[in-house]
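The two complexes that follow have subunit A in common; it is paired with subunit B in the first and with subunit C in the second.
Now for the complex of A and B:
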């Protein structure tokens, strides 16, 4: 049953994506660790880390696409879940420093010694164990999302209102984590990590391993998203997105569906954050900034909302552009990013993948109907897709 | 007559204030003779302002000179006696000499025993007549000798000066003297205060004197009855100063006075709490009007038109930069206009921001009507572009925008301090709100806007050019944001990030107040402002803000459409 569940999640596009990911997961670490440094095929460590960072961003974009693309919930606060996952991982990494900190305190992290905390606050207990931290990485964002979503969806806060209060949520968390007495390092956040699961966090092999872990997490979450959206539940989600009231009147408990997919998405964002922190080596309250959350949305919009693969593609493309621009033309970057927002919403509402697959479908249909008219026995595989008049929906293309 | 001549410059700085009073006194002294027009005018003004000095001893300064010269003779005890004699004359003219004595600036000339105020000038000393304050030539270093004082004498001098200045003709000086007694609580000055009170005509000075007397009485060994009356006076003051005074003397008192003191302290505590609350409300209203200014433009674009304009904060920022540019131009070309710079900037900011708003609406937003989430993203992109454009033009650092004279300073109401810039911003926010209401309710344009808001198709059928109305409404909302920027430039840093700080707060205000309702925005802004300021003392600024955000998040769960929700079909649009 499990296999059929997973098989249903596959199609040609998913197959291509998974093949590329598998290749990346194998080849990039191999190119870094096995190929000698002088070779043209050698992948430098900084590039491995950079790509690993892109993959965690891609995972975050995937989580946003799941709620926005398939359920119509535009979250402007997903960076909050990302950052919470990151903080959970950061706390584990802080506890691993042990006596190697500047003050050499075996229990207290440096910033607590500096601020004269007498002992570890209760919410830091357990973070010296990896399994506990890993559990918290999904549990903390999950519980927050569940509580927030339970209130929001039950009282039918929808559309723009929901977007604005998700932004208020991440803004409130931003302010809270800036405070020193929260016990999360205040302004500076958590940094100066030494090792993870006993491996030196700076070593090439650990970096490669983290890259592979990010890739595997992305693949794993992609398969879950795929399975969810291809299931009957996924159909209801799309129905909620396109006509919420109608779905409710048909007898579905809309808020339950929304809550499920919202919480799932938040947990994925948490995992992304947890993989992000050891690769960049720091987590601070800046990650909660509302602007970050909005930027994630544009990754998804560029790639194509409601396509999953598009979210991954968009995240990687936009972040690659950001890396390049901020190094080469730092003044231009905000113009480019702002222009991207405008251009994509005006001219490319379906994103790269959506537009591409629409063109592809149209082409195949034309070919099929040409064959049919020429006397072929095969009827067209699907009715011609009429471009919808209401521009509201950037519908995911039915995968063949 | 010596007293009528103009005083020279060479006087100690702290004596200058007293001098002012003395000069007025000279006019009174001359009142018997034929008065010139200007002099009589001055006297008239003097009387009209209620500054009539108590009738004081009007002796000729030359009569005082022997007494002053006596200061140079004998030991410390003799000097003390002599000081007493000088004070007994009650003539404020002796004050500069006593002051100089306390400061160690009083010298006597060895040749004739005359006393002078001296200051070092070159190799010798510049002498000043202690009574007329005229220059009295110079003297070599050997020719004069300092009149020595010890600490005991200094104390005597202080209280002597206190009682002398209590009789000074200038009410400000009298008030200052009374306040000094309040601080020192010197029981010896009670007599001087009683004398001064008998002669006092100015009510405000009289109050301060009574309070000073009460403070001194509590410190003295007078009977319970006097002390009870003193506690009463202090209790009616109601300030922190009075409370700390009462608390400090409480332990040394006993019996009914002690009880009365305790009762007075609780009474003062209550009054202070009331004033604190008033101050908090004032701060809250001030913050609320800032929020109102930032949010009111958004209330139009978001509330009336249903357009999410994430670039709204940037319109505010542009308004602030317009103010900066206007002030720069005024500084370089016509500095005299600086006080009017804000009035020049207001219409310009409205036009610039409004024009940018119309351009945004025509260029981007009109293609996205009916797709609020896409509008949100596109306008966010525009906000990034505008921010970067301003950063490229003006640089990333804060720009200096000055306050005109009428915006700086503060005044006091009871125990509240009210700064002019906060007051003007509240007034300004109210004016903008009223103006906007007027435009929307009383003009044809407002009528069209409301019609399009309520039913776009019907309005179009009636011949209203809806695209045109959309563009102008968006321009109006942006223009209002621009003039909000002019006001905010007075209290905030003008930097490219100015707008970002306000965008979330503005959305909170609009959503909390209820979309599509300007009154809701007003109530929402003021409520959030006041709540924020009341939370701050208990929770701290940051935590207070977080609590407000959480409160709004919960509030939206309860009332998803805000405090004053639109009813009817408009809701579903």
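Now for the complex of A and C:
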């Protein structure tokens, strides 16, 4: 059952994506650690970390694409799940500092000593153990998403209204985490991390390891997303996206389907956040900012909604552009981002990947029908994904 | 007929929207295996009646029972569908970004839970069933076509196919012939008569020629309640029916 479930995830596009990811996971760390500095093939550490950060954004975009692209739930609050996963990892990293903090307290993080807290609050217990923190990385966003989704989907809150309450969710968390009394470092958040699993967090090898871990997490979640969206459940999700009430009249409990995919997506966002924090070295309430969640939606729209690969591509491309713009033309970036969204909405409604694969299909169909008119046996209505040998070997036809 | 022996039993059902009585003390009984045509002018409450039966609208008062025992007013759309009531909408609603095949596969009677569908692999029996349905609704050569690319009549037929795939005890069919050519309308009537051999069917229709070709008992609705009931000839001889509906 499991093998057929995972086997479904594979096709040509998935194969290309996985091959590129495998190459990146091997070559980037190797280029950093094995190739000597000064060689043109050397990958500097800052670039490794930067790309690692892009991969965690890509994973967040993948999570958004799963709910938005396939089930029509436009989440404008996914950065909340990302930040919660990040905080769970940040708490582990804070506990690893031990006596190396400014105040040298073996148990309490610096900000608690500064605020005269006598002891560790109960909700920080267990975060000195990596396995516990890792569990919380998926469990906290997952439980929050489950509870939120349970009420929202059961009350049949959909469309714009759902998007607005997801914004409210992330904004409420932003305000809550700003408070010093919450016990998560308030405005400053959690930072000054020293090591992770015993490795120096600043070391090149740790950076390379975190990059590889981000890549592997992205691949793993991509395969899960593919398997889910290509199963019968995935077909039900698309049915819900396109005609929700019709799906109900077929006997499907739409709210259960939404709850499943919403919770799964939130867990993935949590994993992305947890990998993001050790690479950027800080987590603060700013990550809950409503604008962050909206930016993720733009990445997905640019890359191609409902394509999974598009979400990854969009996240990497837009963030690469952001890195370049904010260094070269810092004042222009927000205009460029806004302009990009407008351009994509107007001219590429299917995003980069959607437009490309649509063009590719049309091209093949046109070629197949040209071959048919030239007397080949291939009928024009044959599936475009399986061109026969005759269609492939035939001479190109002149345009009519 | 009593409630116990009926398949569908509506008694004194009233629904109002902002003071407008869409259904007014409607009482209607469908026997197991029966085919019934429901006619009535616009605003007579035909679609609201379907909404009440399928759980989309809760009645303000009155009883709705299925199979003589199940109170439908306490159930939602999904569980009513699971009980065995299938519905075809007035405007054909198929899943446009799915293929014809996938539309039928989604409708096919099978466990409906998320985990059941997540690990579902299509069985040989299911494939055979879909093949049979494709033949029946004459869309075999369109099986890999997206439903969005079908003509209006083909979408109507696909939706009837989806209804059959659910294998319901009772089919509620809202204006199946709307927008069809005369030839398609005649074929649809034949298809429905075939279906009625082993299902109970309620057909809502405007087209008198179509209703006549079904040749079944007719219920005339007017202003949310039953005006007349009987054969088409019987009801069309009724003066009140002539007045409100046939518009003479």
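Methods note: the second predicted complex is superposed on the first by the 368 of 400 C-alpha atoms of A that agree within 3 Å, B and C clash if a C-alpha of one lies under 4 Å from a C-alpha of the other, contacts with A are read in each partner's own complex, and residues count from 1 in each chain.
The criterion applied here is as follows: a residue touches a chain if its C-beta (ideal position, glycine included) is under 8 Å from a C-beta of that chain, and two chains touch if they have at least 3 such contacts.
Model, not experiment: these values are computed from the prediction.
Peer 1: Let's test your reading of the overlay: on subunit A, do subunit B and subunit C clash or fit side by side?
Peer 2: On the shared subunit A, the partners fit.
Peer 1: Compare subunit B and subunit C by how many residues of subunit A each one touches, and report the one with more.
Peer 2: Higher number of touched subunit A residues: B.
Peer 1: Between subunit B and subunit C, whom does A:203 touch in the aligned arrangement: first, second, both, or neither?
Peer 2: neither
Peer 1: With both complexes superposed on chain A, which partner does A:16 reach: first (subunit B), second (subunit C), both or neither?
Peer 2: In the superposition, A:16 contacts neither subunit B nor subunit C.
Peer 1: Please work out whether A:26 is in contact with subunit B alone, subunit C alone, both, or neither, and reply first, second, both or neither.
Peer 2: Touch status of A:26: no partner.
Peer 1: If you stack the two complexes on chain A, which partner ends up touching A:301: first (subunit B), second (subunit C), both, or neither?
Peer 2: In the superposition, A:301 touches subunit B alone.
Peer 1: With the two structures laid over each other on chain A, which partner does A:250 touch: subunit B (first), subunit C (second), both, or neither?
Peer 2: A:250: touches subunit C, not subunit B.
Peer 1: Touching A:329, do we find subunit B (first), subunit C (second), both, or neither?
Peer 2: neither
Peer 1: Tell me the contact category for A:167 with respect to subunit B and subunit C: first, second, both or neither.
Peer 2: First partner only, subunit B.
Peer 1: Once the two structures sit on chain A together, report how near the CA atoms of subunit B get to those of subunit C, whole Å.
Peer 2: 7
Peer 1: Return the residues of subunit A at which the contacts from subunit B and from subunit C coincide.
Peer 2: Common interface on subunit A, subunit B vs subunit C: nothing in common.
Peer 1: Applying the document's contact rule, which stretches of subunit B touch subunit A when the two form their complex?
Peer 2: Touch list, subunit B to subunit A: 308, 310, 364, 367-368, 370-378, 380-385, 387-389, 391-392, 500, 504, 507-508, 511, 542-543, 545-546, 549-550, 552-554, 556-558, 560.
Peer 1: Show me the residue ranges of subunit A that touch subunit C in the complex, using the header's touch definition.
Peer 2: Counting only subunit A, the residues touching subunit C are 1, 4-5, 228, 231-233, 235-236, 238-239, 242-243, 245-246, 248-254, 256-257, 260, 383.
Peer 1: Any idea which subunit C residues touch subunit A in the complex?
Peer 2: Result: residues 54, 56, 76-79, 81-82, 86-87, 89, 93-98, 102, 105-107, 112-114, 117-122, 144, 162, 166 of subunit C touch subunit A.
Peer 1: Give the list of subunit A residues in touch with subunit B in this complex.
Peer 2: Contacts found on subunit A: 74, 148, 151-152, 154-157, 159-161, 163-165, 167-169, 171-172, 175-176, 178-179, 290-291, 294, 297-298, 301, 331, 334-335, 337-342, 344-346, 349, 390-392.
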